Structures are given as C-alpha cells and as structure tokens.
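Note sheet for the following structure.
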Amino acid sequence: MLFFSFFKTLVDQEVVVELKNDIEIKGVLKSVDQYLNLKLDNISCTNETKYPHLTSVKNLFIRGSTVRYVRINPNAVDCTLLQDASRREAMQAAK
Amino acid sequence: MSSVQADKQTEEPLDLIRYQLDETVLVKLRGAREMKGKLQGYDSHCNMVLSDAKEYIYNETGEPIVKDCEMVFIRGDSVILISPIS
Amino acid sequence: MSETDSNVEDLYLESYAFTTAAAIVGSVDRKIFVLLRDGRNLFGVLRTFDQFANLVLQDTIERIYLGSEGSDDLSKPERFGEAYRGVFMVRGENVVMMGEVDIDHEDEHLEVLSQIPFEVAEKELKSIHKQKMKFEKAKTKKLLSKGLINDFAKSDLY
C-alpha cells in the first residue's frame, strides 16, 4: 500500500505518465486507487497525432497495469519520508 | 541513519534492495531499457521511485537513447533486475 | 442516526474517494472513449461498471484511424473508418485507458480526416498489425542476443 499512499500525496500535482506503448500523457493527478489506476485531468499527449481524439477528452482514467513510468515533480516528494516508509513496509512484510 | 531497522536477521532477496535505499542503483527493465538513479523507495512488487535518474533505451544497433528524469516512479511489473552500482 | 454511525459513514466516504469506483462513477451516463489493449478505439455511453473497470457501453462505435494511403504509419492519421457496434461489455483487463469525451468538440479532429468504409480500414489495419508483429519479432530476437528483453505481446497493439 506504500505507493498507493505515495500517489495520494501527489494529488493535484502535474505528472507525466509513460505507458508501455511509449506514449506519454501529461496531466494533473486527480485520483489513484489500490491498483494504482490513475485519473488525470487537463490531459495533453506528447504524441497527440497518434490519438487525435484525445484532444476532445477532458479527463482520463489510466489502468495501472499499462503504466511503465510516472514522472513526478521532485519538489513534491519528501525523500527521507519515502525511504523510511519503504523500510517500515519491508519490516512489516517480514513479520 | 534511520531509526527504522529490521529486527529479525532473516535475509530475503528484497533485503538487498532495502540496503540500496539512498544509493545509486541500476534497474534493468522490459522493453530493452535500463534506468540508473538514486533509490528513494520500493515495495514488494518492485515498484520503485528513483531520483536523478538516467534512462537508457537500447535499440538493435548503435548507442542507446539517454533520457534524464529528476524523479520517476517505475511500475514493478517492468522490472527484471536491480543491481547496486558504485 | 447515532454519532458512531455517522463516524463510520465519514470514514467510509473518506476512503471511498480513492477507489476505482470513485474514479469512474462521474462518467456514468456520459459519452466516453475507451482504448483497448488490442488497439481498438471505442466510443459509447457508459452505463455501468465495477471495481475491475469492467464496463458496459451503449451505442458503441468502433473507429479505426489510418495514415495516408499506402502508409503503414499509424501515428499520423489521415483517414478513418467507423462502425456501429451497439452494446458492449468490456472486460477490465483489456482496458488501457478511458476518458470522458467533450461532445461539443468530439468531431473536430475528424474534419481534417477523410472517411473510408470500415471494412476497408479493418482490412488495412490487420495487415499493418501483421507487419508490425513480424518486425517486433525480429527486433526481439536481435535484442535478446544482446541480453535485452524487448517484450512484445500479441495482445498489445495499442
């Protein structure tokens, strides 16, 4: 659940989602769920020509399983907190 | 040094990743890619966050394409291996 | 209602905000577009869904975008074909992404494209996909000899 909580802290931040088919979608993160499905608002596609109909799409629900990367604004991440949370999660898993 | 430490000494593969937190790692990925960066977080699915990352995209011939990224989340299902680099 | 009851409800509503259902519920009874893993573009009215993002679409239209004639480049569409499909129940695992369509602007991008019969488009797309499979297979083999895993599944043509 660590990254579920992590993404919840990034709500309302602008992110760039790269899918496994190489397309990149920029948008404001609006919601995330336990499968790390993402919901973006104000989307724009770096390869707009491949999916021309995206220009008329207002918000986008992206299934988590098709995501390769999510690029994040580094200022939105508390690195020490994330590292400690990772250790804590690893400890809990070991129990 | 963090106050949060595993109390048991039983070792498992993911412990290796835990030791690499705040260190630079090389992550080999599906899609003929590699990513080098400082490990900021991970979970048991190998989902990861790297900072100051460099992505290498390999093609059949020639040099790989290099992309920089300051902070990136990598979904665990693309991960093949994680290796410490000095 | 007692106080504990409302607290329980608050707690439920708070956690509800970050569920699959909450992300999709706003699009119910609206026109949405769905991209499937095999590359199909569906446009229809979302009638219902569940936590796996299984969807029921009404008055669905399937649309194929193609490049200029003789070109196998799908990234610069110049032509399109569409067919009425009716009601669809889409299994969630096949969904790549879905989004609400702005019905005031949905046809704007089509104005610069020329329409061709769906059957023609479908046939052409099939041969493009076939070619792509061949190309990716060769690429995977080459990369594998360098110890790189390209990963290309037949079902992933989006």
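Things to note:
First chain written, first letter: the chains are A, B and C, and each begins at residue 1.
In this text, a contact is a pair of C-beta atoms (placed from the backbone, for glycine too) under 8 Å apart; a residue touches a chain by one contact, two chains touch by 3 or more.
These figures come from a predicted structure and were not determined experimentally.
In this view the innermost chain, defined by its CA centroid being closest to the centroid of all protein CA atoms, is A.
Remark: among chain pairs A-C and B-C, A-C carries the greater number of C-beta contacts. Here the spacing of subunit A and subunit B, counted between their Cα centres, is 17 Å.
Mean C-alpha positions place subunit A and subunit C at a centre distance of 18 Å. Subunit B and subunit C have centres, each the mean of its CA atoms, that are 30 Å apart.
Multi-chain contact residues of subunit A (touching two or more other chains): 20, 65. Contact with two or more other chains is made by residues 31 of subunit B. Residue ranges of subunit C in contact with subunit A, taken from their complex: 17-20, 22-24, 27, 33, 35, 37, 41, 43, 53, 63, 65, 74-77, 92-93, 95-102, 105-106, 108-109, 113, 156, 158. The part of subunit B that touches subunit C in the complex is made up of residues 30-32, 58, 60, 80. Of all the residues in subunit A, the ones that touch subunit B in their complex are 2-3, 6-7, 20, 36, 64-65, 67-74, 76-77, 79, 82-91, 93-94. Considering their complex, residues 139, 142-143, 146, 148-151 of subunit C touch subunit B. Residue ranges of subunit B in contact with subunit A, taken from their complex: 2, 4-8, 10, 12, 14-15, 18, 21-22, 29, 31, 40-44, 47, 49, 51, 69-75, 77-78.
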